[in-house]
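Multiple structures are listed underneath, in structure tokens.
One chain, subunit A, appears in both complexes that follow, with subunit B as partner in the first and subunit C in the second.
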Partner chain A sequence: MSGLKLERLNPSVKAATVLTCVVLLSFQYLITLNLAVFIAALLLLMFFSEARWGRLAALLVPALIGAFGLFLMGLYYARAPGDLPAGNDAVLPGLAHVTLMPYAVRAALSRNLTAALQLATRLLAYAGLGLLFSLSTRGEDFVLSLMHQCRLPPKFAYGILAAFNLMPNMARELRNVRTAFAVRNIHAGIFSLKPAFTMLVNSVRWSEAIAMAMESRGFDGSGAGRTYYTVPSVRWYDVAFALACAGLILCGMAFLT
Partner chain B sequence: MGPILSMSDVVFRFFEQGKRNVLDHVSLEIEGGGRITLLMGGSGCGKSTLAAVAAGLYPENGGFLEGGTIKLGGIPVAELAPSRRAAFLTEMFQNPDLQFCMDTLRGEMRFCMENIGVPPSEMDGRIRRAAEEMGVAPLLDRPLYTLSGGEKQRSTLACLFVMESRCLLLDEPFANIDRAAAARIVRLLHRVRDGGRSIIVVDHQLDLWLDAADEIIILGEGARVLQRGITRENIGQYVRLFDEQGLFFPEAEEAKTASTRRFSHHRGEDGKPAVQFEGLSVPQGTPGRRGFLGGHTPSGEWLLRDADASFPAGRMTAVLGPSGSGKTTTFLAALSQHPYEGTIRVLGTDIRRMRRRELYRRVGIVFQNPANQFITQNVAEEVRESLRVWEKGLMAAECEARAEEQLEAFGLRPYRRFSPYMLSQGQQRRLAVLSVLAGGQRVLFLDEPTYGQDRRSTDSIMEALRRKVSEEGLTVIFITHDRRLVRAWADKAYLLEDKKLMEAAP
Partner chain C sequence: MRFQWKLKDILMIAVSAALFGVLYLGCVYAGVFLRGLLIPFGLERLAYEPFYGIFFMAGAFGIYVMRKPGTGVVAELLAAIIECLLGNFYGPIIILSGLVQGVGFELVIALKRYKKFDRLTMIEAAVVCSVVTMGYNLVISGYNLIAPSILCLMLAVRLVSAVFFDAFTTMRLGDGLARAGVLKGYAVAEGMDQEPEEES
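So, the complex of A and B:
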């Protein structure tokens, strides 16, 4: 079973596949296909990756909220031209009894339902694809793969990794700054930029220090004379995965209409 | 064997148009092959810059090299690409948090070897040997940010070891870690030396190195060599030189103790407790972070269990203990910034009954990294702003005058137009003390007030505090792992170890 994990796929190919799928999906309005993509992505993550279900659920919450918001918006505002404005009493004074029906029900009866569902499910499909990539890919693997498959210069690749690995330190620093400010009787709200500014001033100095530490350990950013412990490569199953994903979506677009 | 490092007549400064040379005609040669050389010098004498210039990191990363030659193993450093330079010399820095590019030690060691072109097939074997030799095998796959300071510095050492360069350069490697962890690293360095590699250390904690160092070199102003060839045997004849340069000398402390004790005379209110702990228990947890609904979710681990303590007013009390024993967290609890059980009283009142603002009017804290506390971009403004925070209606002229007066008293007036970030560490701490006490606080906590400071800077911080204590009756409670500091300055001491807080002899 371990041979069939999403983690084993080449990250660059996986990223390209997800992007292709997103572009393909943007050319169609099929609710069923959107939902199929969303569910397929979830199933793949649940049974063919090491992603924790709890994390998946936590990340799905904002996506679902967003989709619901988009659904409501689509329902109320995205009408096709020529539609009767369902809730506008001023325009249709003679139909006063209709207002006894809840607004949502009237809206749902209109043609907007389809448009709203199209929007909402498309967002879900995008979210599913995004999670499919991000939950099954380690940042480090992705950056290394970009360096080998997409010619990202080592200077940027390792710079990104160093910054990425500094994040826990920055979070801790920000907490310390907040505590220091509180004790000095300076009120900084959650969205106040003051503590962040102090932290950023410090982190500019950090980045210099890290760059010097890397250089003193022989890193010169050029890539010349550099060896690599592992070189991520593209194998047949990467290509097969990419073709299968794109192919299935194209089939869906052709046959689900 | 020829010299591994040779510098002749090196002149270096940070700004090309600047007047002050950080390195002023420095000439220095260090022999290769199995020796430990200790470079000592007062804070700000340019010794860290010297290290970075020797490693070729400056002027590449900033600064201006006016003249002189620097050679590693006989080759001019400018002609060596970083990857080739690493075969001669690698450097370990002061801050353990800022030395890693990857997320685990294993990844970092691979990164180091990739840089210098080690064939991938050899890497696993070299990692295994280095991990065994440096005792870091259990750390290899743990996320680096979860390691303690001492573990991080040992990991850094293992990285330098795995690169097999001929010389290791250590720039104040122990500034952020406790003595036990430092002593362990010194023992590891013995083994590195016995393997035939040279070690150059920049530090001012002589007692850790006295047995290990083959030669001690004293640097003066502009990092110029004042004296070479000091060893354990002949160090007695250089007492005056150490004193002139403001450096710690192993035996100098005894005299110091006597002189400061006499200095501490007390005022009326002293003796009464300023801060009291009654049955205090402090759980582990992230300081300053509260649970989802405002409550705290203890992880089940305790840092401190059922402690009683009393910190007398108008005195200086020290809290000792190894790193990670929970000293800082305990004092965050006393500031209502960390959950606790039991009772904490400040000036007689239970802090649970005080509003935060009232509490912070009475108690202030200076953190280990004072750069975290600054709220403005200007030294004088920093003091004025904190005066205004506490006294809303303060007149501008009066505020100005008071700030000036306080800066003068703390020797910071010449720097009043500087950015706080441009000050030295010692000056930053003194500024932090001033701005924290701007609300007329009666109690001051200090977290490691003198770490990484030479004797002169340590004395100037502690003397400024001592003056506040004896003239204004301030209560000072400082956290440290430096026993010498406690002996010299504390009236009372507590030791926090194994979740217990015990009174100890100062």
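So, the complex of A and C:
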């Protein structure tokens, strides 16, 4: 194994690991653990993958905005303190010293602040995990791995890849239809579904032709004993990665308070 | 009774799912202004709800066109995998959400034994799906920390969005495509011959 890179991990195992971590994280409300997961994911991406930092930043922006939105939502509209889940009654230590506000306001605010941070950091932890997968996995590898490791039938795998690679053509078709409408003096606003409908009719027609072509080349998996150009496999380090991630989060849930 | 997926069906669903994905992205960009407006009030999340119904469209469209057990769930999963390939910060989490959405939508239709596909059934399915996805948000997104009144507001907007996109837009799209002759051989086109003017 030359170089520890996230790209070398099996995509299906990576996806399953991310999903396991997400489900585990949804059972807890630890701000520290959420932040630790987020930071660990970013560090892994920055130093143990070939992901470009620019792309990482570009995808992080919507996550940060979302987290900020959730933070404010939690701050303003957290549930009444009485019926928050257990473990939420801890007043944030930092605010206990601020004596400018009446105690009641401080307590309410700090409770809400806890809920707000819990919500926002959870989204960040999920975003870190999602990015860990998205930025270190080629789509084609993921689909091929789903076919070999998760028994996705070949017709689904190749169908998904065909449709995915058809998307630029669909975009071009949409532009063509819009131009054709303009030439015929039919006004279609930005929100009008008319061009999209025409585009979809044409796309479905293409997809039928493509399906026929793919079937004639055996891409529907009906031919017995067909071979594959690449067969992704699960190695020991895939299992080790999955166990380490789940184990660390379980440890965090057990020992962080 | 089980639907035998052929490559043709998979591509048809995947291509329409791609369109729904683009439609959603377009709406999110269009909603940027609304989000900015709502951020100071702590309601930024609410700005996503008017478009939430688009998430269920692939599943709704799949079940409406093919009308066989599992077609809605599989269609929604196909859409989720494609969305995952497009690259965003949710990554494989989308596949989990897609599964919940697909099952949520097919629930009502399964209870009616895949026999009824009128407007009322689709509205019921959209409503149940909205409630199911809100339950999923309560657990996964930690929405159980939010005041119930705000959650009700979000759910109300989501319900309207789901009914609009999944009962009305999806049905119009399915019927329209069937009338355009590109859905030959699917259940939706068979119904078309018996009641040609069910929709005006």
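Definition applied: the second predicted complex is superposed on the first by the 213 of 257 C-alpha atoms of A that agree within 3 Å, B and C clash if a C-alpha of one lies under 4 Å from a C-alpha of the other, contacts with A are read in each partner's own complex, and residues count from 1 in each chain.
The rule is simple: contacts are C-beta pairs under 8 Å (C-beta built on N, C-alpha and C of every residue); 3 or more make two chains touch, one makes a residue touch a chain.
Since we're looking at a predicted model, the values are computed, not measured.
*Asks:* Taking subunit A as the common reference for superposition, should the pair subunit B and subunit C be classed as clashing or as fitting?
*Replies:* fit
*Asks:* Once the structures are superposed on A, label A:24 by its partner contacts, choosing first (subunit B), second (subunit C), both or neither.
*Replies:* neither
*Asks:* By the touch definition at the top of the document, which applies to A:69: first (subunit B), second (subunit C), both, or neither?
*Replies:* A:69 sits against subunit C, while subunit B stays out of touch.
*Asks:* I'd like to know which partner A:118 touches here: subunit B for first, subunit C for second, both or neither.
*Replies:* Once the two structures are laid over each other on A, A:118 reaches subunit C alone.
*Asks:* Touch check for A:35: first (subunit B), second (subunit C), both, or neither?
*Replies:* After superposition on chain A, A:35 lies in contact with neither partner.
*Asks:* If you count the residues of subunit A that each partner touches, which comes out higher, subunit B or subunit C?
*Replies:* Comparing subunit B with subunit C, the partner touching more subunit A residues is C.
*Asks:* Quick one: classify A:218 as touching subunit B (first), subunit C (second), both or neither.
*Replies:* Only subunit B is touched by A:218; subunit C is not.
*Asks:* Quick check on the superposed pair: does A:143 touch subunit B, subunit C, both, or neither? Answer first, second, both or neither.
*Replies:* In the superposition, A:143 touches subunit C alone.
*Asks:* Is A:173 in contact with subunit B, with subunit C, with both, or with neither (first, second, both, neither)?
*Replies:* first
*Asks:* Where does A:246 make contact in the superposed view: on subunit B (first), on subunit C (second), on both, or on neither?
*Replies:* neither
*Asks:* After lining up the shared chain so the two structures overlap, which partner does A:229 touch, if you call subunit B first and subunit C second: first, second, both or neither?
*Replies:* In the superposition, A:229 touches subunit B alone.
*Asks:* In whole Å, how close do subunit B and subunit C get at the C-alpha level once superposed?
*Replies:* It is 7 Å, taken between the nearest C-alpha atoms.
*Asks:* Take the contacts of subunit A with subunit B and those with subunit C, and give the residues found in both.
*Replies:* Comparing the two interfaces on subunit A, one with subunit B and one with subunit C, the shared residues are 158, 162, 201, 205-206, 208, 210-212, 214-215, 219-220.
*Asks:* Spell out the residues on subunit B that touch subunit A in their complex, using ranges where they run on.
*Replies:* Going through subunit B, the ones touching subunit A are 52, 55, 57, 60-62, 81-86, 90-91, 93, 95, 97-103, 107, 110-120, 123, 143-145, 159-160, 163, 286-289, 332, 335, 337, 356-357, 360-361, 364-365, 367, 369, 371-375, 386, 389-390, 421, 435-436, 439.
*Asks:* Over in the complex, which subunit A residues touch subunit C? Could you list them?
*Replies:* 15, 18-19, 22-23, 26, 29, 59-60, 62-63, 65-66, 68-70, 72-80, 84-85, 88, 115, 118-119, 122-123, 126-127, 129-135, 139, 142-143, 146, 153, 155-156, 158-160, 162-164, 166-167, 170-171, 191, 193, 196-197, 199-201, 203-208, 210-212, 214-215, 219-220
*Asks:* Using the touch definition from the top, list the residues of subunit C that touch subunit A in their complex.
*Replies:* Spelled out, the residues of subunit C in touch with subunit A are 5-8, 10-12, 14-19, 22-23, 30, 35, 39-45, 78, 81-82, 84-85, 87-93, 95-96, 139-142, 144-150, 169, 173, 176-177, 180, 182-183.
*Asks:* Which residues of subunit A touch subunit B in the complex?
*Replies:* Residues 140, 158, 161-162, 165, 168-169, 173, 175-186, 194, 198, 201-202, 205-206, 208-220, 222, 225-230.
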